[in-house]
Structure formats: C-alpha cells, structure tokens
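Inspection log for the structure reproduced underneath, given as structure tokens.
Naming follows writing order (A, B, C, D, E and F), and every chain is counted from residue 1.
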Amino acid sequence: MTVPLPDSKRKLAAAVPSPLPPLLYEETVRRALVEDLGRAGDLTTDAVIPVEAAGYARVVARADGRVAGLPVAAAAFWLLEPSLQVELRSVDGMDAGAGETLASVRGPLRAILTAERVALNFLGHLSGVATTTRGIVRAVEGAGVDGVRIVCTRKTTPGLRALEKHAVRCGGGANHRFGLDDAILIKDNHRAVAGGVRPAVERARAYAGHLVKVELEVDSLEELEEGLAAGVDAVLLDNMSPADLRQAVEMCRGRAVTEASGGITPETAPEVAATGVDLISVGWITHSAPSLDVALDVG
Amino acid sequence: MTVPLPDSKRKLAAAVPSPLPPLLYEETVRRALVEDLGRAGDLTTDAVIPVEAAGYARVVARADGRVAGLPVAAAAFWLLEPSLQVELRSVDGMDAGAGETLASVRGPLRAILTAERVALNFLGHLSGVATTTRGIVRAVEGAGVDGVRIVCTRKTTPGLRALEKHAVRCGGGANHRFGLDDAILIKDNHRAVAGGVRPAVERARAYAGHLVKVELEVDSLEELEEGLAAGVDAVLLDNMSPADLRQAVEMCRGRAVTEASGGITPETAPEVAATGVDLISVGWITHSAPSLDVALDVG
Amino acid sequence: MTVPLPDSKRKLAAAVPSPLPPLLYEETVRRALVEDLGRAGDLTTDAVIPVEAAGYARVVARADGRVAGLPVAAAAFWLLEPSLQVELRSVDGMDAGAGETLASVRGPLRAILTAERVALNFLGHLSGVATTTRGIVRAVEGAGVDGVRIVCTRKTTPGLRALEKHAVRCGGGANHRFGLDDAILIKDNHRAVAGGVRPAVERARAYAGHLVKVELEVDSLEELEEGLAAGVDAVLLDNMSPADLRQAVEMCRGRAVTEASGGITPETAPEVAATGVDLISVGWITHSAPSLDVALDVG
Amino acid sequence: MTVPLPDSKRKLAAAVPSPLPPLLYEETVRRALVEDLGRAGDLTTDAVIPVEAAGYARVVARADGRVAGLPVAAAAFWLLEPSLQVELRSVDGMDAGAGETLASVRGPLRAILTAERVALNFLGHLSGVATTTRGIVRAVEGAGVDGVRIVCTRKTTPGLRALEKHAVRCGGGANHRFGLDDAILIKDNHRAVAGGVRPAVERARAYAGHLVKVELEVDSLEELEEGLAAGVDAVLLDNMSPADLRQAVEMCRGRAVTEASGGITPETAPEVAATGVDLISVGWITHSAPSLDVALDVG
Amino acid sequence: MTVPLPDSKRKLAAAVPSPLPPLLYEETVRRALVEDLGRAGDLTTDAVIPVEAAGYARVVARADGRVAGLPVAAAAFWLLEPSLQVELRSVDGMDAGAGETLASVRGPLRAILTAERVALNFLGHLSGVATTTRGIVRAVEGAGVDGVRIVCTRKTTPGLRALEKHAVRCGGGANHRFGLDDAILIKDNHRAVAGGVRPAVERARAYAGHLVKVELEVDSLEELEEGLAAGVDAVLLDNMSPADLRQAVEMCRGRAVTEASGGITPETAPEVAATGVDLISVGWITHSAPSLDVALDVG
Amino acid sequence: MTVPLPDSKRKLAAAVPSPLPPLLYEETVRRALVEDLGRAGDLTTDAVIPVEAAGYARVVARADGRVAGLPVAAAAFWLLEPSLQVELRSVDGMDAGAGETLASVRGPLRAILTAERVALNFLGHLSGVATTTRGIVRAVEGAGVDGVRIVCTRKTTPGLRALEKHAVRCGGGANHRFGLDDAILIKDNHRAVAGGVRPAVERARAYAGHLVKVELEVDSLEELEEGLAAGVDAVLLDNMSPADLRQAVEMCRGRAVTEASGGITPETAPEVAATGVDLISVGWITHSAPSLDVALDVG
C-alpha cells in the first residue's frame, strides 16, 4: 500500500535511523483514527464529497524542519482505506524545507480527507520532536564540540514513547532508557531510602542481570566519588556547574560514562558540552517540543 | 483510593470544569503504566527499595501554572497499587504556584516510585495545555475584551483528545469539535470538491441531523456572504485581517457564530478579539504546549 | 476481497446512505466470529467438509425488506478467510424482494459455511432495523405527509449503535444523538434536579460549545413556552395529543425544531405527522425490530 | 457495590437460572458505556446537574414481563461509578408486573443519570428475550403439553450470545449449541457437500470427541431413517408436518432426541408439542424479541 | 503471504487434523511478537543488518518429531512483515526427521531475524506437545492395543489451549473438553458438595442441554455402579488398578464410555489400554511436554 | 482480597525475588479465565453446586518443589470472584514439600471450583520452571562451584515471558535479555550478514545507547579474540569444550563477562561451571520444564 522510495533518496536514507516495525505503531494509529471518527464517522466528508470522487493530495511541510513519523502518517491513510496509494517522498531523519512535499496520496477523496488530520497530527508531533532535537544537536555542533550525544528521557507523552524515542533519533539525538526495565538508574529518592550511595549501588549491582547497566544520579563530587568506588557504569551529573562537570569528567575518565542533566537549553548546551561530558540529557525535546507545521494539499 | 477534597476547596471546584468519568481515561493510564514497566518492571526500585518500605510523597508544582489531569495522575498511583492513598490538594482548573503541593500519596514506597513518572507525565502534559490556554485567555481578558471564547481544534496528540480537551477547559478555554462526527465543518478541500460554497452547504444541511450544526470555513467576505445565504450556523474566518474580521462580524450578526482562526498568538489575540468575533480558535494550545514542571518529593 | 458493485447499481447507490468506514465495524465482526468459533472452531464443517472443497454460495433475502449491513456481512466472510471472493449484488439502503440474491461468495467451502451464521446474523438484524424503519417512513409518506423525518433514539442494542444508526438511515429514517456527548437533551430528571426549565436551559447554554445544540423535553405547553423563552434549539414534545402538538408547532415556528415522541406507532404516526412536527422519534425501530429473514444457499 | 437480595427473594431465586460470572459480561458493559459516553462524556448531565447532587432512583418495569439482565444493568452503574449502591429487588428469571421496582440505585446523581440508558438498554433487551421465551413456553404449557423444551438457536445478536442464551433460560427455555465448537450439527449444506447422510454422519462420529454429541438435520423420514441407522444422538426435524413429526418421534424412541424446527410460533407450538418431540427450537426468541419497557424513576 | 503446499504433500495432509482458522491464533502471535519486540524493537538486527539486505532462511527440525504449529510459526513472519514469502514444506500432523526443512522464508533479512525466535517458540512448543503425544500413542499401538484413544485434559498452558489441543490431535491424540462450558465432568469435589453420586448426576442431567454429555469421575466400582444407574454418558476411572479397570469396562459395556486417568505413563499405558478402556487421559502431554528442537538456518 | 503473609514468613520472603506488579499479569489471568469459561461458564459447577454453598479449600503441593506464581494463582480466584478470601501460606521463591499447603481460599464454593484449574495451571507451570531451575542451580552448588549464575533465554512460552523469567529467579537463576530491545546479542546470522565479527561489533557499538550492553556469540577462540578486540561487554561461548571454555575465561578476564551455552544439562553443568565462566545459559528451564504437581483440596 506504500510505494517504496526512489533509489536516490534511499541512499540518503541509509544514514538515518532504522524504521520501526509497523507492528509497534499500527494499533496506536488505528486507535487514533477511531478517536477521530467517533461513532458516526466523518459527517462533513460524507455529506459533501461524492462517494466516487477520487483524487490526489500531497503532504507538505509548511516550515523548515526534520522529518519523523512519515510511515506512521502513511499508515493512517492505508489503515482507513487499503486502496489508498501512499508514496513517500522523504524519509524519517531527513531535513525538509518549507513547501517541500513529504508524501503523496492517491485514491478515494473521502478517505484522504477523513484520514488527513490523524496523519498530520502524528507527523507534526513527531517531526516537532525531531526538529527540536535537531536544534540542540546543531547548537552543540555549531559550537565546535564533538562527540557529545544529546539524549532524551522518560518524560514522554503517554502512549507515544516508542514513537517519540524514534523521533529523537531522527533529530540526531540518542535514547536513554525506554522504560523502567531496561537499565538501572538510581535517583535521589532511591538513594535516600536505601541509606546512601554505597548500599544503593551495591544492591543494584547484585540485582542487575549481566546485560543491565547501572547509572547513578549524583548532586555533588563527593557522591560521584562514592558512586565510582561502588562501581557504576554511568553517572547522571545533576544540575552541576561547568566547573564541577569538568572535574567530574576528569574523575570518571575510563571508569564511567558521564551524563549532564538539569535545565540545559540550546543556549547553555555548548558550554556544558565543552566540559567533556559524554551525554547531555534533556526532557523538553519530548515533552515540550512544538509541533512542526505540516498540511495536506488536495489536487 | 482517592481521598476527596476538603470542603473549602470543593466550593472553588464548583467553578471549574466537570471531572471526566474515570472510564474515559483509566485504560489510557493503564497502557501508559505498562509502557513504562515493560516486561521486567522497575528494576531500580525492585533492586534498591525494600519491599516493606512505606512512606509519603507529595506531587508538587515546580512552576506557576494551571492544574489539569490531577485525577488522571492519581489513577496512575492506584491502578498500579490499589492500597496507595492519594489525597488531592488541588482541583483541575485551579491555579497553582511554584512549590505548591497538588496531591499527596501514602503507602508502599516501591509503588510510589514506580508510578511516579507516568503520573507526572500526564499531569505535566495536561497542566501544560491548561497553562498555555490560560495564557491566551488572560491576554484577551487583560486587553479588556469580554465575551470572546478561546477554543481548541482537532490538532491534538493522538490518543489524548478527551484529556487535552478537558485541559483546555481547565485553562479557561472552550472546545471545538471532539471529532469528525459531532458537527459539520466544511473546509476548503470540501468546498473545492463540492464545486463551491452553495452546493457544499446545501449538501451538509440536507445530511445533518437536527442536532448537528454546520460551520463553514471562508477565506473572503464574498464566500462569507454566500455561506450566510446558504444558511450556516457558524463561520470560520480564516486568516482575515482585523478590518475584514470586523466587517464579517457585522455581516454575521444574528445570523451565525463567528470564529477567527489562523496563526493567532497571545500577542495578536487581543486585536482579533477586539473585532467582536465570538471565538478565537488556536491549535497550538494542544499540539505545542510546553509541559508544566511538576515533581514528586518523597518524605 | 470484495468485488465492487456494477455501475448500474452504483448509480442507485448514490441515493443511499454513506457507507461506514470498515474501521468502525471490523473489530465488532471479528469479535462476533470468535464468539461463534469458540476455542475449537467449527466442529461440523471440519468433520464433514473436505479441506480442499471449494464452491459458491448466495446470500438471499427470504422476505421482502430493506437491505442494511451488506458490507458488514461481507466482512464476516473475508475476515475469516481473506481468499473468499464476496460479490455484492445489492447496496445498503435498497429494497430487496423475497428470493433476491444480495451477495455471492466464492472460495473454500469450509470458510463459507463457518462464517455463514455470523454474516447472516448481522445482515438479518440490521436489515430488520432498516425494514422496520421503512415501515413507519412509508406509513407517513402514504398518508401524504411531507417533510417530517422519522428519527431513532439511543435505545439501541449495546455494542451495535453505529451499525443500527446506519440501518435507520438505510430505512429512510434519520438519526438523533449518537451518544451522550454530541448534543444536549434535557429530560425530566435533569429539569427536576436543576429546579425547573429556565435554570436547566441556562446552564446548558452556558456549557455548550458553539457547535452543540440544546434540545429540551417538555410535557406541556407551559413548559414549552418557558423553554422557547430560554432559547432552546429543539424541543421534544413528549406524549402530547395531536391538538397540543399542533399548537406546539405553531409556538415553535421559526424558533425551534419540533420532535414528537412517546409511544408513536405506524398507525398513529400519520396523525402525528399531520400536526406539522419536524421529527417523530421512535425507539422501537432499533430496540424491537424483528430480524429480516436472510439465508445462504450453497451451489 | 451491589447489595445482596433479601433472603425471602433468595429462596425464589434458587429456582432460577445460575447467574453468569461477571467476568463474562463486564467488558461488554464497559464497552457499551464508552459507546454512549463517546469522547466528551454526558454533556447534559455535566451541564445541568451539580457535581455534588446525590439521590436515589428506581429501575422500574413499565410492562408485565420476565426479568433478565438485572446484574448486567447493575454493572452499568457501578462500572461507571463504584460508589453507587445498587440494590436488586428482583432476580433474573422472575416475573415482574408493570410498575414493579426491579432495583434501586443510590449515590451521585450525575453517575445515575449518565449510566441510565446503558443499564436500561441491557435490561430491556434481555428481559425482552426472556419475556418472549416465556410466551411460547407458556403457550405449550397452557395446552397441557408436558416435557417438551423450548430451545434457542445461534441466531443471536452479535456480541451478546452468552447474555441472550442466559435470557432464554430466564424465560423458561433451554439452550441449543453456544457456538460452532460445542457440538456437531449437520445441516443440508454439509450433507450435500459430503454426499449424503451416511458419509456425513460417519465423518462426524469419527471426528467427534467422546463428549461431543452429533445432531443431524433432516427434511424427510427417509433421511431420518438413514441418520438413525448411522447413529446420531439427536435429529433436527425441519419443517415437518405434525403427522410426520409424530411418526419421526416414533422412529426415534430410545434412539435419538427429537427437535422440531422451522417457522414454529406460539400459535403452532402446542400442536407441534403434542407430537411428542423433545425440543422445539425457535430463532425469533433471540433475534426478533421486542424489548421489555423498563425505565428509571428518580427521587 | 503463505505459499500453499505442493500437491504431493497435500494428499498426505488430508489425513492430518483440520487446520485452525488463523482468526483463532493471529492475535496470540501478534501479542508474542510485541512481547519480544518490546518498545525499541530488535536492537541487534537494526544495528547490524543493513535495511536493504534480503535473503532466504529455512526452518529446520534439529530432532526427530511430530510437526505442529507450522502455520502459526508462518504467521509470526508475515504478521511482522507482510512481504515475507513463507513456503511450508511440511504439514501439521506429519513426522519430521532431524535435519528436515519444515518451511522456508524469503525476503528482508531484518524481518526474518526479528521474527525468528517467536516463530520457533511456537513451533518448538507445539511440536513438543505433538511429539510427546505421539510417544504415548505409539506405545499403545506398539503393544498391539487397538481402538483406545489418548486424550488430553484442561491442564494446558494459559493462553494456548486451542493451539495445544490442536497439537495433541497432530500427535495422534484426541481432545477432552476444551473448557468448562462444553460438557459436564463431575469430579470428587462436586460430588462431595452435592452429597453423593446420585444427586450430583441428577442435577447435571436436569441442567444439561440436549447436546451436552455428562461424565462422572469415580474412584471405586461402587461409585461406578451408582453413576451408571443414574445414567451418565461417560466415566472417568481415576487411579484404578488394571483389574478394576477391566471390571469397570465390563460394567460399562453399552452403557457408558470409559476413560482411565491418573498418573498413566508411556510405560504403563499399554497395560491400561489392554483393559479395554475407550480412552486414556493424560495431562502431561500438554503441561509437561519438552519442546522440540527447531532452528532457523539463514542462507 | 489477598490476605498478607504472616511476619514470620515475610522475613524469609525478603530473600526471595521481587514480586511482579499485578498490572503485568492480571490481563493474562483474566484471559486465561475466559479461555476456560468459554461462553456458557462452568456447566458442572452451575449444575451441581448450590449457589449459596460456601466453603474452604487449600492449594497444596503434591510434590517437592520450588514455588513460583502464587500471587498469579491467587489472582485467578479474586478476578473471578472478588469476595473470595485468598490467604498465601508460602512465598514465590521458597521451597515446598509434598503435601504442603501453599494457599487457602474461602468463600463461595462455585467460584472456588470454577477458578481452580486456571489457578493451578499457572502455579504448576511456573513452579515447574522454578523447580527445574533449582535443579541445575543445585547441581552446580552441589559440585562446590561458586559464583556462576544460571540464566534463562528468550526460549519462553509465548505470552508468558515476564512470568517465566520471574519463575527462573524464584528457582535461584538469573535472567538474560527480556526481549529484543533491552540489550544487543550478536549471533552467527548477524555476524555472517555483517561480514564478520569486527564490522558487526562496530555497528552494534555505534548503535547502542549508553546503557545498552553488547554481547557477542562466538564459536571459536579466534572469534573470541576478535570480539574482545572490538570491545564487547560479554561473550556467549557456544558449544565449547571445557578446555576451550577455560582458555576463553582466561582471555576474557577483566575484559568481558563470559557465558557458556549450548546443550548444557544438570549433569554437565558442574564441569562447565568449573571452567570459571560467569554464566551458564539454558533454554530448557523455560521451554521444557515439567509442571509441578499442585492440587486443590476442598473442605
């Protein structure tokens, strides 16, 4: 139902994130369509558009940004009406200029117009996440800092985690944990209840499987030293000054991966990156990213 | 499982939006919990927090804002662990200052820490929508314009429409259509395929049930006149200048409800409101609202 | 999987109700198939019919009636076995005579026989609703009364509302509310708790979005006057005598849509219609319609 | 959440059908509530009824009939709002007179009014099936014919089979197969494809598990003889005259259970019953039973 | 998506159990895929295998056994990626030698490797059940005992009953009840609460529909006699000695089907079978069958 | 609904695995109950056991083993009937002797008998996995080898992965990956397609998040050296001789975790463990574990 990308674009696509298996989002798209259709379906289209009208429409970026969620948007069309022909003109992870056509759809006009909003809601939201991620990634690159990775958090929109994590990758970022079960991250509350850094890390190490890493959130260099001594794989350096970060990076060299976190913005990111941390984690690229403006042009 | 609000706050609550029936969001919350728990559950908490540890935590606003989604956040706690006692200290639709406690939770610490992120993700997202809505509502009120309503659109996050529409009401806004099936809204694409305003509106009128209203999107005063003649209930005045809006309002008086739309911001809203339109619709209060900063403090 | 209708019938179909998007009923059909298959599947067919037997069967009306649910019945076949070729010979909303073939199915006989009952249960039930609706519609038309619409209520079979509302349209009727959320209908109980017609209507008006209409149920002309004064869009005139209905219609002219309700039958409908009301609402066309007799003939 | 029946009624209840485990219908009720609530919930009630209003309502029969579905209706109330106190005043399988209170509900008025229609739709539909069943059961009993059982078929409303089969038991009837997988019933189409009665029955016998019975549909006494010779457990005597039925009963004595079927009505049932058949099966008690009139009285 | 079997094998297949309708297991397979994919999908494959790599793989038996679940395994491939071409080389119910290719898959390598484990888990588990069943079936046949059937019980893996019952048929066994609702089986606990064999059987007979058989579990010949007198269709002879079994068979001749049960193994089965019982039921062929070793060979 | 364990046992419980959040298995239990109830529910119990009969039953181990799944079994009782009082007498992860009572249930006898089989199926299956795991864990401990961990694989029963992984922990084992998404494990097929160990590992490292570990399967010491050079976190040493394992352990010291795999049994495990590997992985503890014999004693 989806026409594959021309070869020229496919090559570019090799540099972009792996596509998600549709099995991971089809149910989400189906639910979104039903959410919009309600019980009675699309009253306007059913009233106004003749059942036999067929046509052609383009999904267009109205602003410059980074594309994410194109196959998800395509799924909105063909899950509603399998006879719709969706042709992708871009690929998740590529940049798009204002006015650029990202995909085209051909077939019954009723179905095109009925699926439009759901398709655009996914595409706009996910491209918004990707574009916002691209912003801070570029800020760091623009400052000439190499090797630091921008990572997202678990502060995602309920129900859309896998898709938003994918969008972060499309924006040039990387992913932190996908959930509570794929790594250990000891935060203040855990530490406090456990009675300190050492017992917390020891319990974590004893509990973790051999492929599970342990990260520790620390507020000070003292805690950091304690954590390193206890043998953590990574440390989350929370709200530290650039000076402290620099020293922390020194302390961790060869011992643990370093992640700076806490209110970092595109403006402050270059300075943080310059401290030598491996990762900068930011929640707002998923929970507060403005949508990218995308639209459907018929005819 | 949720302790009711003290009477003093209940009175205030009478002025705020109707609570949603839990049946409308419990499944969404359950799915979000499973999304975070994955298959193995909360490795960190299971490793570090003793199973018998019990305690107390507060859900706190870290910034000034408008509350929305408090019962949804509460559901995250008690759906994970029915023995958790959640006490609401605020009500959806009320303002909260930075540092204010919005709810408290008492019971097994493991469950509190495991449900934390899902609870905060809902509360932060929905309060973000409410706070953003409050912003433009206040901008208009601050300009001394009375009687205009700020309304949201169908540009919502997939899967969260009912909750985001509720959050808009919490912010002082009102709701446009909930989906494709509860009213007719004829847009350009419909008009174009139908062959003009008149045939589109006529078909819509003939199709609509006696409780279904018909709204027409128009780009010019000519189209507006044509639509009014055809008998629409409401008109969406798309991207019109204040002067045109003013004239449109004149033309519609006693004939149709007027809705201004298209790139309106808190800055431009007062001027638009001053034209006398009944409604200002904005998509960004749902699709681009930054999350409100909320946190969980243990102990 | 479903062969489209020949052009000759398609033209007729233009006059019939919009087809429902399959997304709105496929899950319901799938659940009905599983309800019939149980855990072990079709013991009889598996025992008696060779796995390789292929054949042809016709879905036939055994009585005169109005067709509704044909694509739903078709879905029962192809959801069970995608290789089945279903050819529709009629269209939802058309009349069928006893003995008329409504659809044909070709392919593995096991699948045809296994899906038979579910397909017929949907088709018989929905065509029963359509045929019953047609009955009262014709009674009114036969009496020479023009312009009155027969509408259904929310008294539908749990789980089948969208389908039964569609069947009512197939029968020539129109739809009232689809649920509690697409319009306001103030009934006696609401009025009583609110403390009268005026406060009830005022609260409703204040609460309703700009595309939401307000209807009021009244038992007397006094209440009607009070409701009209308060500005309702429509009135449900409950169990009124023809004389009162006539006067009510007079009072409502240009002010509100009028709906007669309460124990109206095909016998009394013409007299009610003659009073000039806009709508006659009847619950029994959905909750008490006898099934239309349909069958599957093999070979 | 449901208050148990007083002892006096409980004794009567001992004579009535086993209650269904709620697990078998709760999901169906939940889905029906969501079907009615849509996305926005009950606009009318939210607008008009104060959130703190509490009250009392009675579920009342408006006509004489046989009760079925009372716990299902109760579930509609407490699944929407667990704090509602539902008190059953009758029991599934008992008769009710017009005006009789079947249950009462106490608690938040909003929840009572919002759940009302779903509760009544279940109760009215299922009691309609029970009442219709009672009609034909009584017709046969009234004619002084003993020992014949009225049984239903698989011609049930999609999604409601278990509930409708229960309603038939409430009406004094018995159940035929619940689905395709709990017994073998060889019909004409099977017989035709298999090449006759003998091969069909032989394959069925060979295929059937030791707890699976085999029934054969026959149109003539010749086929009946062939079936009996092949060793069927039961025979469905389709559309036979009373004379043929009488002879069939003779032939089957001590060899197979006899079931008369095909267009039997309350009027013709006594004559059919008098032939001595064990069972009379009728599809219309499930697929064409008019709803029983039930209502909710507040206050 | 699945290429049909060549004719040569199809003929053999005629002797094997009926295939299950995919509707009965597709949801189970989809859930298993999601269980394995989690939120992030197949990290290894996405990291290491180029998106455009296509190839060919064979599903191979690593040990001698009886095949069951081949279409289920195939579904794991095409539900993940509809473009995968799965070619079945064997049929459920046939024997396979170590090294034999059971199916081949051609298409995108990523999808093949991602679906591999789920496909093999189904195939290995179900073929394990079939092979274990075959073992005891052969033990009895090898001892020259004819006509006794090996049947499974309700001791199945939660969620997989229909599939495991199918696997038992593939192994040459037969099925006992599929669940609590398709026959009556009175066990000790029922008997004890009912106050003896007679009242228990009488209540069961009165309750059972005309196509529902009644089986009674007995521990002694006295109970057996009592049960036969009360008119049961079948008896489960629990943990009886061969001598008692032999006498029980004598007593039941022409009156009831006999089923031996209780700790029977392939070693003791021939002796039990020699007593003349109709059925030997064993729970361990479903709940304790070791998996058959199957693997996927790429290239 | 479940009575908590007495304090004496609770202390022991502190040494056992974390309980799973019920949210992770309740839906699975509900589905298993429906799978057993079918459409008509428990015919036997409904026929034979009076609706008012209440009683008491014990869940008893019939053989010596390791308990797992007790809260899951308890859920089967209270999900069917919330008024059932389940009292746990043991804890997941503890040993049980033949005849030991693991839990008791008090309440309506119908519900107890109806839920019995589902409760026992979960408990027997999961305790079987735990007991089998305990067997190989003890074999290694008995041989005086310390510090090696027995781990399971992804060869689990479809739909039960989280529960079986928990059962492995109850048996004293540890868990490998929960799915395809929580760590990278490069197998032969990946290596072959990637063109060797080095490119495969390099791509994996580049792709992996900072909390994702990379494990490599190797067949020879050459591959091992190549993998270590490329910087893997762990190695799966497939089917190596004890001598090779010993050398591999030497090579990996301080560089990577070592996992021996491939046909290891309780008999061969001690010798493998003696080589100094960190982990021994075995698939059969999940896919081929015989069920533990558990039963329900009433009265």
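The rule is short, and it goes like this: contacts are C-beta pairs under 8 Å (C-beta built on N, C-alpha and C of every residue); 3 or more make two chains touch, one makes a residue touch a chain.
All figures in this text were calculated on a predicted structure; none of them were measured in a lab.
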Intersection of contact partners for chain C and chain F: A, B, D, E
Given chain D and chain F, the chains that contact each of them: A, B, C, E
Fitted rotation between chain C and its twin chain D in degrees, CA, nearest 5: 180
From chain D, the most remote chain by mean C-alpha position: A
Where chain A and chain E are represented by their mean Cα positions, the distance between them in whole Å: 44
Chain D and chain E: spacing of chain centres that average the CA atoms, whole Å: 33
Between chain F and chain E, distance of the C-alpha-averaged centres to the nearest whole Å: 23
Junction residues of chain C, two or more chains touched: 35, 37-42, 46, 50, 114, 161, 175, 178-179, 181-183, 185, 212
Graph class of chain-chain contacts, one of line, ring, star, complete, other: complete
Chain D residues touching chain A - in the complex, by the definition given at the top: 35, 38-39
Residue numbers on chain F that touch chain E, as the complex places them: 28-29, 31-32, 35-50, 53, 55, 109, 113-114, 117-118, 120-122, 124-125, 128, 154-161, 178-187, 189-194, 200, 203-204, 206-208, 212, 283-284, 287-291, 296, 298-299
List of chain A residues in touch with chain F within their complex: 149, 151, 174-178, 181-183, 185, 209-213, 215, 233-234, 257, 259, 278-279
Contacting residues of chain B [partner chain D, same complex]: 10, 13-14, 18-21, 23-24, 161-162, 165, 175, 178-179, 182
Footprint of chain D on chain F - complex, ascending: 30, 33-34, 37-42, 46, 50-52, 79-81, 111, 114
